[in-house]
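Shared between the two complexes below is chain A, which pairs with chain B and chain C, respectively.
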Partner chain A sequence: MKGRWSSIVDGKGFDIALVALPLTFLLALSGVPLIYNVLMSLQQVDLFSLGTFWRPYVGFKNYSELFAQQETWPILANTAIFVAASIVGQFLIGFGLALMFSTNFPGASWLRGLFLVSWVMPGLVVGAIWSWILSGDFGVLNYLLRESGLINGNIFWRSDPNYSLLGVIIANIWLGISFNMILLSVGLSAIPADLYEAAELDGANAWQRFWTITLPMMRSSIGAVIALGIILTLQQFDLFAAITSGGPNDSSNVAQYWAWELSFRQYDFAKGATISVIMIVFVMVAAFVYVRSTRHEIRG
Partner chain B sequence: MRHTLRERLMLAAALVLTTVYLFPLYWMYITTLKSGSAIFASPPAFWPTDPQWQIYGHVWHSRNMGRYILNSLVIASGAVAIVSVLGVGCAYVLARYRNIWVDAGLFLVLMLQVLPASLMITPIFVGFSQVGLLHYPRLAVIIAIAAKGMPFFIVLVRATFMNVPRELEEAALVDGDSRSGAFFRIALPLARKGILVSGMLIFMQAFGEFVYSRSMIQRVELQPASVGLYSFMAPNANEWNSIMAYAAIYMTPLLAVFVLLQRGIVSGLTSGALK
Partner chain C sequence: MNIRKCAMLSALVMGSVLGFCVPAIAEDVTISVWSHDNDRPASSLVADYNKLDTGIKIEYREVPFDDLVSEALRAHSTGQAPDIIAIDNPEHALFASRGAFLDLTDMIAKSTVIEPKNYFPGPLASTMWEGRQYGVPKATNTIALYYNKDMFKAKGLDPDKPPRTWAELVDAARKLTDPAANVYGIAFSAKGNEEGTFQFLPWAQMAGASYENINTDGAVKALDIWKTLLDEGLASRDTLTRSQWDSTGTFNSGNAAMAISGPWELDRMVAEAKFDWGVALLPVPEEGAERSSSMGDYNWAIFSSTAHPEEAFKVLEFFVSQDDRMFGDFGLLPARADIDIGETGQPLKDAALHVFLEQLKYAKPRGPHPEWPKISKAIQDAIQAALTGRMSSREALDQAAKKIKAVLG
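Let's turn to the complex of A and B:
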């Protein structure tokens, strides 16, 4: 007994204890629910069987029922559109800003820091602000678009099924620009300056330098940023809750919001778990790419 | 001379883009100062002609914001306490060794980091209800948030410990200190700045958390400010000046902390997220 205790104070036991405790906590609260989620998707779960451990197994009935529902495919399509459009917008704007701030004009680092404020804002606050900006009759976005002649009538961003998803995408792009920009800035600053100087001496113009030096050197950072962007976009929930609640008529609904709705609005926990399982598989694939693309740095 | 002109142009462009980016924030604050009829004016005023400062006090009292903010503080502090007590040691060990087990542990941590809260809430809710944890809803939310935030914290703090020279601890061991003594007396104090910044990031995330609180806390007196804002928005979405005032009161302290710690937060994020 004394030996074990002294090992914990002064030896390998100390290190093992330091790791084992948090990993047990993490496994109990993330790993176990993950497996439990798969289990629940194969069971019949309703409000009555919620509190019991033993529930009837129904095999893949939840899955087949889910894909027989008429809203399933449109919602999955919305999810794909939401992710793709958000990533394209966030990445292009974020990369442009990162390139601009990397030229080191006076005040660059200070201004770049300001972009990170969205990072600390509660998601629901961001959703509330954008709800008001996107508001149909009195929203400032409609006013600005009208004044600049881009639109004639007001767009009802939150209640027009043609625009509701776009409204959330705009808010999500705004939210995601900062992390794209800051991570890409890190990648840019790691490129040695003498590469550019050498290319300039050889007569390469700015565009050629971008294509032949910046893009190839940034390949692993770009991969990591896009994978991380997909993961974070699939986690976005608050904006949907605040701006459209997935409506009208599921036109702006996405899988991660629908899973919650199924469980906590319709109390169909089995369906909620089923859609969660499907989406978590996608997240895991993106995460695998992300972890792979940063692996050499992890070990460093 | 050509150089300075170019620099000035870049600065001007950056200023314009920053202004455009920060406009939503400005719009929130400016809306709070408008009267109930002024918010629906067309064209909208971009500068308050008749600022209504009393709205902050009014919203604070009428929405009972003190209780909501207190609940947010309780939840965020609890989550940070769990995450730091459990996470610091784990980050330290993962930074000090390099073998297959550490790689496996890191991989596990990174994979658990990506699980979306809105997809994990269903199994967590059912599991918590079965073990009776939902009778203590704030504790349940604290534990769920801690599990969600811990991987991120471990990754960030590990990057901090990587920068603490191992030789210092070895010297302490040679001088007769124990393994745990070297950790508590040498490594921990040297990494405290990184730990503090990472803890603040977890705190800010937990302070704004919504989906777990919305799903697990039914009693209004226990709900945090995010759920309070949600219930304020849902039924009467025409009091936009009051809603924006609520949002402003909720997030301005976070903004202030961010400005104070900006340097540390930016470097902490960049070193952790890509490493």
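Let's turn to the complex of A and C:
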């Protein structure tokens, strides 16, 4: 008895308790809904059977029906384009800004802080603002492009199927820049300054220093930023709701918005769950990359 | 709480059955009401009712528009449904057809307050399912053509003769469009949600189509005209993603010469529009063609799970008895033909009101059909596919017809 108690307070039991507690939370809060979601995608879920647990099992019917729909592949392609373009844009600009601020010019730190404003703004507010900026007739973006002579006529960012996805991507890149910048800034500041001094003494130029010191030292930060970026981009919903509603004609529709639309607009909960399951697979790949890239950070 | 109340009530009932004389110590019966209203009728009506001492107390809950149906479904499936709900009219059949709403036909037949014959046929039909009445219309609305009389004069059009046919409408839009001044001929909404369906169905219906038969020649012609309006730049391309409220905003600010929208805009227009405007009936395909319009707003319904159907019905009767305040106090059109709406003292608004009341006579409910959201989605997809040039109007509507047929079974 005494032995077990001391094991709980200090020993193997304590370790197990420490792991068990968060694991229980994780299973209850994430695991159960996840499994329920997978289960729902294999059932025939009806508006009025939503509240019950036992519903007719239909196997992979929801999946086969979903992939028979003609909009499925374009929407999945949109999702891939949206994620890839957003990540590339957010990362490149965010990294550029992080490098710029790391030179510590006067006022760099408070200017960097200001960038966080975009990150703390609610997505729907950002969406509403961008919805005005992107508006075809009176939008600021068109005004700027017109005045600078880049375009002649107005571009209907929200309503032209050729531009609608791009419009949301631009807004999402803007939204994600500060997140990338802050995380990468943290990574940059963790690189010991003497490394650069030594390299400079050895005659390495700025590009060589970046390529041989900064990038290798930033590997895990970059991996984490990109993996988190993929997960956050796959969660991006507000901008679609506020700017294009996935339209026109699904040209800017993505899986996450479609899942919501199917579940809560057409009350086809099983199909909504099916799309969510497909997305879980993508998120798991990203999560795997994230875990791999942060593995090096564990220090003894 | 609820269980205790039920137990108390049944004890009271038992007591009276057994012949005990129970003095009037009975706790008030509580009726819960859900609605999406903001400052509109429900909350005020509930407050007024609670001031009366009827032995019935109403508990009001405001539910956001986007959550109303899903909340109601969740509540219903877990046995937590309110007694009374105000539901958007195209969703009414969804609940009625599944037995979630109480059949009020017999209670209404006995009622001295609720008279089905007083209602406009459209709103009334939206409460019906298989010949039985599952609710009463709360208010109603429809769409008509707003036009800027000053712009009509400026472009040499007669401000007292707004377009009456589709051809005249397109013609007027061409004359009124002025890209140099940032003025579009017309503003409407072809958004890929219920609003798009709401705006398009009247056009299709005037041309003899219906949701069950959406790919008629007339509907194709209607969609072609919408396409013409967008392709020629007579309406903004943002028509495809803009709500009715935002579209009409461009009319109020003088950036569109005409707008198709509903009476919910009247108060804002009176406050914002710095020009002379009028309202006309929706133009028809050709002179003498059948009129049609869409029909919006909410219906009252009682959930079949209610423990107090009698009391809930009394509350409903009270709501209906206040219908004559609908326009004056809340700016909404009552769904009844027997109510005379007085003058508001604002001539533009009063003139508009008469047109909307006339237009209401032709308003048709969407559906009613329990799978309405899917039917509506098929129509929205067709509108958007045609207007973005992905398909011809014919192809798009054929596809919609196919999808709707699959839903109708």
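The rule we apply is simple: the second predicted complex is superposed on the first by the 265 of 300 C-alpha atoms of A that agree within 3 Å, B and C clash if a C-alpha of one lies under 4 Å from a C-alpha of the other, contacts with A are read in each partner's own complex, and residues count from 1 in each chain.
Going forward, a contact is a pair of C-beta atoms (placed from the backbone, for glycine too) under 8 Å apart; a residue touches a chain by one contact, two chains touch by 3 or more.
Because the structure is a prediction, the values reported are computed rather than measured.
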| item | value |
| --- | --- |
| Which superposed partner A:Y143 touches (first chain B, second chain C, both, neither) | first |
| First, second, both or neither for A:Q266, with chain B first and chain C second | second |
| Touched partner set for A:W132, first chain B, second chain C, both or neither | first |
| A:L47 touches, of chain B and chain C: first, second, both or neither? | second |
| First, second, both or neither for A:L239, with chain B first and chain C second | neither |
| Greater residue coverage of chain A in the superposed arrangement, chain B or chain C | B |
| First, second, both or neither for A:F156, with chain B first and chain C second | second |
| Contacts of A:S251 with chain B and chain C, given as first, second, both or neither | second |
| Chain B and chain C footprints on chain A, overlapping residues | 50-52, 135, 137-138, 264 |
| Complex interface listing, chain A residues touching chain C | 47-52, 135-138, 156, 158-161, 164, 243-251, 264-268 |
| Residues of chain B defined as touching chain A within the complex | 7-8, 10-11, 13-15, 17-18, 21-22, 24-25, 27-28, 31, 39-40, 42-44, 82, 86-87, 89-90, 92-94, 96-98, 103, 105-127, 129-130, 143-144, 146-148, 150-151, 154, 178-181, 183, 204, 207-211, 214-215, 225-226, 229-230, 233, 237, 240, 243-244, 246-247, 250-251, 254-255, 257-258, 262-263, 265-266, 269-270, 273-275 |
| Complex contact set, residues of chain C against chain A | 66, 69-70, 73-74, 76-78, 94, 98, 100, 182, 184, 191-193, 236-242, 250, 255, 373-374, 377, 381, 384-385, 387-388, 390 |
| Residues of chain A that touch chain B when the two form their complex | 8-11, 14-15, 17-19, 21-23, 25-27, 29-34, 36-37, 40, 45, 50-53, 97, 100-101, 103, 105-108, 111, 113-117, 119-126, 128-133, 135, 137-138, 140, 143, 147, 174, 177, 179, 182-183, 185-187, 221, 224, 228, 231, 234-235, 237-238, 241-242, 256-257, 259-260, 263-264, 269, 272-273, 275-276, 279-280, 283-284, 286-288, 290-291, 294, 297-300 |
